[in-house]
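Shared chain: chain A. Partners: chain B in the first complex, chain C in the second.
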Partner chain A sequence: MTVRERVSERAGVAPGLRIRNLWVDIGKGAGAVHAVRGVDIAVQQGARVGVVGESGSGKTMTALAVLRVLPSTARVLEGEVTLGEADLFSLSNREMASVRGRQISIVFQNAKSALNPVFPVGEQISTVYRRHLGGSRSAARARAVEILEAMGIPEPARTAHLFPHELSGGMAQRVMIAMALVCEPAILLADEPTTGLDVTIQAQVLDVIATSLKRRSTSLLLISHDIGVVRGMCEELVVMYAGEVVESGALENILSNPHHPYTAGLIEAFMATDKPHYIPGHVPTLRRTFIGCSFADRCPLANETCRTIRPELRQLADARLVACHRAEQVGRP
Partner chain B sequence: MTAARGTPSPPDVATVSLDAREVVKRYGRHGFGNRRSIAAVDHVSVSLQPGKTIAIVGESGSGKSTLTRLLLNLEGVDAGEISFNGVSLQRMSSEQRRAYRQSVQLVFQHPQQSFNPMLTIGGSILDALRLRDDLSRREKQQVCGELFELVGLDPAMGERRRREVSGGELQRAALARALASQPKLIVLDEPTSALDASIRGQIVELLLQFQARSDLGYLVVTHDMRLVQLMAGHVMVMYLGQIVEEGPTEEILRRPRHPYTRSLIEAASLEGERVRAVVRGEVTTLAEDYQGCRFFDRCPFARKKCLQPQELAVTDDDRHVRCWRWRDVESVARETEVI
Partner chain C sequence: MTLDPQQLAGVVRVGRPVAEPPIGSWSESATWRWLRWVFNAPAAVLLILTLAAIFAPLITRYDPVTPDFAQKLLPPSGTHWFGTDSLGMDVYTRVVYATRIDLSVAAASVLLGIVLGSPIGALAAYTGGWFDAMMGRVTEMVQSFPAILIAMLVLAAAGNNLITLTILLGVLNAPVYLKMVRSVALPLRNVEYILAARCSGHSGLSLLWKHILPNTLVPVFSQFSISCAFAIQLIAGLSFIGLGVRVPQPEWGSMINEGANYIVFGQWWPSVFPGIAVFATAFALTSLGNRVRRAALHE
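Let's turn to the complex of A and B:
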């Protein structure tokens, strides 16, 4: 059985992605940064899941670990990532290469630096297409133009011949998305896909992603620091802090009634326009290990229990998960 | 009167003001034999005063950064005039120039890039204190400590270098450095956009505190509508070098009258079920001789008449807008409540 068959057991059905108890370290020894600490995320078939967190929350490292493209200093200590029936960590490098871009694609923040500067963008897209799906050069070229057009790029046939430096930031990001979607993957990982773009362009790019995912019921794991972006795109939300998932569940439930103090503070900092809201202190260094809750130092509700016992993710009545001893005091029942 | 060391007497003038009148800055386009130029800032007027906050909003290419460079005299204007306390920046005496440098300060967007990597944070702030020649070296050390306290930093932080402190702490240090010369006006170039969401409010609160305490005037350059709402009483929206709308922040956010303002507000809106692409296209470069509305290509309200030059007109209630269809824009915007 080929990898492709294993990951999509039934033809035509996109498999779900499951991350279980993922631990990632960057560096070794005393200076090691424990960037991801036991993360669990499930992306069902066709689901759109948003991951929010600040810098250093471990969200990008999680995405890179899923694709097995972590920087050379980082390594997975523990955990499992499955796509359908396939355990991605047990695949050979060659098998994994056939998953990347075909089953799972990723879009990075800075498209211009992610694209190859010395090849025309159309050629880069058709190379990905032929690599996974074969076919003639001319068919691949036609497919590249077709998908550029679907991304709302004006004059797609002409744009295909341009080099990355000839494109604006918004156009380069559309090209990245086109490249990620050209093989119709089951899952798209988007890591801050619109950060650094102007707000009106950001809205356009998100629109393109939403439309093209809907057309093929592709699953989405959208990583962002911006609650506004995730809110417009996703139905499920995962909130990360200091390498851990602190709250996850249905997006509207969490936004309207957060049960983790960090989620509550983050939402307030984002939404409030009457006066500045913020969480005191700053994101802790991930070199340290936490005895109790990683948020306890900044939390208005923290007590002795919070400082001494690590809160595990537990399920509440509305099926959300939250890692807080005092969740009942934060949210409404 | 002997002022306390930390608070020496401000410049001699009673009120400080920095005024730009109809300023123009043109940049040449590169290319052999190509003598064309585009106006990055096109007849913009703005007046900064102590105690007031003005926000300039616009996307990349709008000319907002160029305008700040002109106001800080990092570049000269091609037409129009910028004056400090009534004296043109071009014609200042060295003494006036010194007063200007002391009174007008800048905080950059990326604190990591605005500190000298070789100096300690404390060293950078001491360096900024060279404008205060009323202080001895020892007094400068003491003022430096007071500034750390003022922005809520541990004075021990002064011994560290920029890579050893977090972004939020470094931005506090950048504020301390800007405050070192006891300015009356501070230009804030995206002061929070490099910071994490949970701590942005800390910097905003600090800025508001300083303003209340020392009657500081701010010019906030940003694309973040929420920051505008939190800080500025008056907002100017720029598009391709021109002011397209200007007026009281609350009014403009509630009832935008220029299609571009409207699209900016809607794109930044947290409400709304779906992300909507409100305007099409991107910021383009225009032909040199093009006189019409610069937003024409992207505007859902565009008509033939928009190809004629558009004035920044005063509307009935003293707001300024550069769109002859502003009544239509406003009535549509009102139906969909934004922000």
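Let's turn to the complex of A and C:
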């Protein structure tokens, strides 16, 4: 059975992405960083899921592990990633390469350094298109110009001949998104896609992503540390802390009524208008392992149970998942 | 106390105020900067040599390989600008025709070196492991022998002709490019656009060919002319000791060798003029290479 057959073709239903119990280590032995610790994320067909958390909470490593492009020092210890029916970790390297950019695409934070400096951007887009879908050079070139135009780039035919260093940050990011979407993938992973941009440009770029996803009913996994960005783009929210998912569910439910103290702190820090609000303490080093809850040291509600027993993700009445012994005391019922 | 401007210049860097050209004016346009950069002394020397090689029959009056024993060892004059050699052949004509062999063998061999070395270097950097280690040892082995020694051995064994010479110089040049491309490609493995290229489905050879190799070419270009200078010196050196190009084919090294016997008798012209040609060419190529390298570093 080929990948094409296992991953249901986009002519039919776009497949969903499911990450189950993913563990990623960076380095080996005593100095190993346990960057991702049993992460579960489900992205249904056409769904838009936001992942928020502080730097070093394992968001990016999760995305790279899904695409199997982890840095050479990092490795997956355990876990399963499925796209539709296909188990991505059991594909051969060649099959996996045909999934990247075709079924799952990724957009990085710094588009200018994520584009090859020695080729015009149009050529980079058409190369990706031809690699996956074949066709003539001229057809691919026309397709590149077409998608650049769809990304709201003025004078797309001229821009296609420009090199990355000739573009502004916002334009480069649009090109990057165009490259990610040129083969109409089932899922777009966006890793802090607008973090390096001005606020005004940010909104434009997010709008471009939202519009093009809607048109093709592409799923989105949006990784960000900015709740504002996620709120505008997603219906579902996953909150990560210290390499674990601490709360996940419908975005509005979580934002209006967080049940994990970390989520509550994050939202408070984001919403604070009068004075800077922060969660006391620091993100713990991920070299250590936790006996109890990883957030216990910073948590205002932590008790003896929290320090000794690891809280598992459990489902609450509104279908959300939360990993906290005292969730009922944090949120409203 | 008044300040002596000359004293001041020793302490503070005093610069003349420079009138800034208006932004966007033609004098600062990319084309102009490019032109100004390209047309410099070393480039001019190389341009003249290349033109001389192409139009050799038009700018000379004699045949480069026909001896005229009645005219031998004549000093430079109006009829023989660079004099004649011991076989009565016009030195100027031969210096001009020699440009053809020296430049083309040098350029061809360096190109061969690039074609052999660069992909292997990129592949070694990309795959790492045993292949990388093996290529490292092989290049060190080749480079640990003096080039001229290997050249002498190979030419003596495989036959003394221009094709062998070109291939030999190409193989001798390959390790330089292998190591250079490898060292540039090694950090590229962790560069974001290579990761992005992998994420958009490029893998294996397509990644290597389309994304890694093209980004290693800047140092290769700057090394090109320096390698050519090295190759020209090696060709001339080999011909001087009687390998590579043989008399009567016009080649600078063999001409120097021929003429060397007569220097003690005061007949300096058969060897000094080809010597100047070798020197000028090597110097121009080297300084051009350095220029390219500096420009690349600036970027």
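As a convention for this text, the second predicted complex is superposed on the first by the 330 of 333 C-alpha atoms of A that agree within 3 Å, B and C clash if a C-alpha of one lies under 4 Å from a C-alpha of the other, contacts with A are read in each partner's own complex, and residues count from 1 in each chain.
Just so it is clear, a residue touches a chain if its C-beta (ideal position, glycine included) is under 8 Å from a C-beta of that chain, and two chains touch if they have at least 3 such contacts.
Since we're looking at a predicted model, the values are computed, not measured.
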| item | value |
| --- | --- |
| Winner by number of chain A residues touched, once chain B and chain C are compared | B |
| First, second, both or neither for A:Phe89, with chain B first and chain C second | neither |
| Touching partner for A:Ile201 - first (chain B), second (chain C), both, neither | first |
| First (chain B), second (chain C), both or neither touched by A:Asn116 | second |
| Partner chain(s) touched by A:Phe163 [first = chain B, second = chain C, both, neither] | neither |
| Touched partner set for A:Phe108, first chain B, second chain C, both or neither | second |
| First, second, both or neither for A:Met171, with chain B first and chain C second | first |
| Chain B versus chain C as contact partner of A:Tyr278, first or second or both or neither | first |
| List of chain A residues in touch with chain C within their complex | 67, 69, 71-72, 93-94, 97-102, 105-106, 108, 110, 113-119, 127-128, 131-132, 176, 179-180 |
| Residue ranges of chain A in contact with chain B within the complex | 54-55, 168-171, 198-204, 206-207, 210, 225-229, 231-233, 262, 265-266, 269-273, 275-280, 282-283 |
| Of chain C, residues touching chain A in the complex | 189-193, 195-204, 206, 210-211, 214-215, 217 |
| Touching residues (chain side chain B, partner chain A) in the complex | 59-60, 166-169, 196-202, 204-205, 208, 223, 226, 229-230, 263-264, 266-270, 272-280, 282-283, 339 |
